[in-house]
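Read from first to last, the chains carry the letters A, B, C and D; within each, the first residue is number 1.
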Amino acid sequence: MLSFESDYTEGAHPQILQKLLETNFEQHPGYGNDVYTLSAKEKIKNICQLPDADVHLLTGGTQTNQIIIDTMLESYEGVIAAQTGHVASHEAGAIEYTGHKVLTLSQTDGKINAFDLKSYLANFYQDDNHEHMVFPGMVYISQPTEYGTLYSKDELLQLSTVCRQYHLPLFIDGARLGYALMADDCDHTIADIAKLADVFYIGGTKIGAICGEAVVFTKGNTPKHFVTQIKQHGALLAKGRLLGIQFDTLFTDDLYFSISRHAIECANRVRKIVQEKQYPFYIKNSTNQIFIIISDEKLAKLKEKLRVSFWEKYDEKHTVIRIATSWATSNEAVAALEEIL
Amino acid sequence: MLSFESDYTEGAHPQILQKLLETNFEQHPGYGNDVYTLSAKEKIKNICQLPDADVHLLTGGTQTNQIIIDTMLESYEGVIAAQTGHVASHEAGAIEYTGHKVLTLSQTDGKINAFDLKSYLANFYQDDNHEHMVFPGMVYISQPTEYGTLYSKDELLQLSTVCRQYHLPLFIDGARLGYALMADDCDHTIADIAKLADVFYIGGTKIGAICGEAVVFTKGNTPKHFVTQIKQHGALLAKGRLLGIQFDTLFTDDLYFSISRHAIECANRVRKIVQEKQYPFYIKNSTNQIFIIISDEKLAKLKEKLRVSFWEKYDEKHTVIRIATSWATSNEAVAALEEIL
Amino acid sequence: MLSFESDYTEGAHPQILQKLLETNFEQHPGYGNDVYTLSAKEKIKNICQLPDADVHLLTGGTQTNQIIIDTMLESYEGVIAAQTGHVASHEAGAIEYTGHKVLTLSQTDGKINAFDLKSYLANFYQDDNHEHMVFPGMVYISQPTEYGTLYSKDELLQLSTVCRQYHLPLFIDGARLGYALMADDCDHTIADIAKLADVFYIGGTKIGAICGEAVVFTKGNTPKHFVTQIKQHGALLAKGRLLGIQFDTLFTDDLYFSISRHAIECANRVRKIVQEKQYPFYIKNSTNQIFIIISDEKLAKLKEKLRVSFWEKYDEKHTVIRIATSWATSNEAVAALEEIL
Amino acid sequence: MLSFESDYTEGAHPQILQKLLETNFEQHPGYGNDVYTLSAKEKIKNICQLPDADVHLLTGGTQTNQIIIDTMLESYEGVIAAQTGHVASHEAGAIEYTGHKVLTLSQTDGKINAFDLKSYLANFYQDDNHEHMVFPGMVYISQPTEYGTLYSKDELLQLSTVCRQYHLPLFIDGARLGYALMADDCDHTIADIAKLADVFYIGGTKIGAICGEAVVFTKGNTPKHFVTQIKQHGALLAKGRLLGIQFDTLFTDDLYFSISRHAIECANRVRKIVQEKQYPFYIKNSTNQIFIIISDEKLAKLKEKLRVSFWEKYDEKHTVIRIATSWATSNEAVAALEEIL
């Protein structure tokens, strides 16, 4: 059966598997002290144009969100996020598990904006009772958002400006960062992200790796004894080489970007097909996730041949589904999708 | 440089890498719902002779200890362990991070015994003030222990008997379980472990896998909504196939056991060499870790050609070092070690 | 200066202080094992018409909310509350500190309703991804609400019915319960509360006590080793008599209810004054808190003679203030307020 | 029945109750912003000879230990304590509940010493694996100890010196501080304690108050937003006056010290009686707790007329009991005890 269900249905990019094979019997120290991890870190710092950044490799997205938020916040602080932010709704309470509240702002197309953020912060500090409330300690956004939409460079700059005014770190969840940066209408680079964010991560799990997220602390702001804190959270991999080799490969010869671009091109073709077949878009975006509205009748038929994500009920007779392309999507799969739709 | 530093210096068993390659472009659902994970679980249940057991795959040892202990204990309970238990001393407070105290018993050669355990429990419940203390809620042991020693079947049975009398689950940390079961003097099988433990795990990271531990709940005692709790702890892998394929391979044709046995045979040869060269053993054991006492002078020389683990100072002029063999140790390496020692 | 700032500006009811004096040199065991605590518990069970209920005395409201929610929820569960619920907004993250998310429902006049609750729960369980989300584990409401409004008996019954359908405990925060029950239009008794709630508490701090809240577990559902858990949360008072004597006094000769009624009568007079003086009410209610809209100009003048709570800005030129009466409000104070308004 | 069971069997010093009565109908702001709290803080700073200290009033001992330790430690740090320290053994896991490990040192007569502390710290930082362990972040001692023994000024100075060398705060639990300072052989004052400790508290619950502990941050080292953190821990009293009035009274005309001295004089008389009656002391000390070894036969008889604390079994036929005097012990009670013993 054809599947566009998610961007993590395949394994790893073949070059990664090849490298794992080649290096398999080399002996390396554990816990991220191997040469591949060190090399991957250097390459990421270079691409970010931040020689003094600090890079750490973790295994998965929820884990990364949990650890960044917990280790950067003071214990009495919460993280500000869109109501639709992944940390607000789809991480099984992993943030609250560490003792921190997610403070939600309303969103449009998955995005928060600088005006709302500033109002929230101004109101908080004007409230006589704010000592009895959770202090805002960080701002979390996803690029692209959970709806596949993009913040423009100007929007990021505005958010970043408010954050700095209030001394709050801006954290950009880049679980699908490559798919943002390679979108047709993206007006910024990873170096811009590195400049505007205080901390962000480069998602591997959804872009070519079998697991792995690369966290970048951009301003000499790594939490103290960060490796100990990773271990304390149960997230320190003994064979750190698994992550090191993957990111070292992804950031050799711009592999990360070229495979991200491939997913975008596939998505662009899918968007064209959807338009031609006159399915309405639920939300417009330019990245690798396509949200369309489909009649339940049609959906029942599709399901015989195609796996997609059920997103939410649109109305009594229609459903929002998500079609996701990825680095692993083949041209044949897109052609087959056209056939089915 | 020759390294016997630990049992996690290489990658994965070649058959695992081969299988990752072969299956790479198959599309599978995430979060452990892929066919390889399901197959691995079945194979593990078979080998344990426990058709009704429940198996879950996690990524690393500290993570596994943290999640098992936190999800099985009531919030006001602690876990009993040897003072030298890994959870008591070398996990960066990962257990306490989840709110639970590690209640320590004294140990001999890394082992606790049923008599001490029973005394502890009897005293606890006799204490008028026990409502003001941490309730013992679980017993944790490692097989083999942190010192490479083994509990005999009878010792396990005795501990298990006390546990059942006090309605405490017995948790066996099997990060190196294969190296226990394949030791010359081991008097029990994995099915015995499965029968005596309420929960245990089969370590992959140190035995053939690049990462992964297989948790077995043996008595219909899986914590409720366990997958949600794994996610809440930041430990749910999106591409669960990475773990599934590894354990499916390890438990095909007894690979797990044959590679474990190889490590033991290497260790036996090392023990013989050590004896011949008249280095005193710090502790006697029959598994893959060999602890020897060496003069600091000799150690300084060795270090030029050999990497081993510094364990602890023995006295002013001597040091305890650890030599670890593994599934990946070559005959050539053992020969080279003989040369150097 | 005249103050209607809150209902906790004075000390304790004189009969309480008298009793503290009389019993001061009696020797009693600690931690709630004194005769006054035992007597208070009996009286509360009687008034609730629940001979099998279990009553525990705690010190303050946030503490009580934190402990009830944390000890009754499973670790992967959150508590459902109105967005304006005290636990959602004004407790400095005390709930999240214990690892639990507050799941918010929209509200009208501070109240949630059974329809919204049922929709929320139905949607949750229909969502394919609900294993990746926080499980609803309890419903929290305040009676009266943070806006001084009341749930009717029928509304409580409806909420309770949905809760039972989904096996969720209904928790009623009664920090001001006396002021609800003694309101002119209250259509139920404390026995009704005890019947409909799975757990609730009778607020003392705001009604006659210098500190203290009495928690009632109504259905044999006290969390295991609850005293140990109170201690673990740092909330076990050594001299439990302080709480015992207070609640024993409050529930002797219906003192709790008569002093609550006094506050309501004062509030009714204030409401009449406000109406006569033609200040618009921000919200209509019948309990001890009166929310009115006042011009900033007028407010500036009032402040010279009167202390009230600033609630929120209404618009650019108006403010919402809160006037609170209590068991300690004197007739003279109400008369003086009339003068000033 | 005569009771010497503990030092918290009575209510509050009569002057405190008198003051509560006198001020009862004054209206004061909540949460510690009342004039009595402010006055108490000033008096405590004066007596400590630390005009820049920061004083906060909390309700109970476990709560105070929990909050001080949790708010002063980094999340990856633990607190060093004697194995017999109250936080290590008798607080129901309240410290671990906040995520922190208690790192234990061996003790003599309830005390740790500077040499052992320094060795522990030196070993920790020499261990190659210390990044995988819990960082020591604070040293906790009790003055007097749980066995009623005293640290001399010199011993405190030595501990303090090691702490400063390693940049660790020294925390002195003074739940019974008055009984230490007023002991015959105490060689230091509260000002010395204030100088040597980084944080300590002055126990009220066991010395004249019905509840309450006064925390003193001595070095401008109050945790940020401490009031918010108190609230987050569920420990912020709405009617802070309850604590303010008590400590204001206790530190007026040296009441705290004179009533502490009374307890010591009673204890000295008890010690004399014990000696005359030839009961062996389990431990020698000079404060208000007296530990004696008694035959089980004799104990059975005593129990008919006397309540004391069972401490632990001494051997098969003997038991260690504790006799505690307090500010409330009467001369008649001591005479009656003599009779009974």
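Worth pointing out:
FYI, contacts are C-beta pairs under 8 Å (C-beta built on N, C-alpha and C of every residue); 3 or more make two chains touch, one makes a residue touch a chain.
Everything numeric in this text was worked out from a predicted model, so none of it was measured.
The interface holding more C-beta pairs in contact, when A-D is weighed against A-C, is A-C.
With every chain reduced to the mean of its CA atoms, the largest distance from chain C is reached by B. Between chain A and chain C the centroid-to-centroid distance comes to 42 Å (mean Cα coordinates, whole Å). Distance between chain A and chain B, defined via averaged C-alpha coordinates, is recorded as 34 Å.
Centre to centre, using the average C-alpha position, chain A and chain D are separated by 50 Å.
Counting partner chains per residue, chain C has residues 75-76, 91-93, 97, 99, 131-133, 228-229, 231-232 touching two or more of them.
On chain B, the positions that touch chain D within their shared complex are 75-76, 78, 89-93, 96-102, 128-129, 131-134, 310. Only residues 70-71, 74-76, 99, 131-133, 135, 224-225, 227-229, 231-232 of chain D touch chain A when the two sit together in their complex.
Only residues 3, 5-6, 8-12, 14, 17, 20-21, 23-30, 59-63, 65-67, 91-94, 97, 205-206, 210-211, 228-229, 231-239, 241-242, 328 of chain C touch chain D when the two sit together in their complex.
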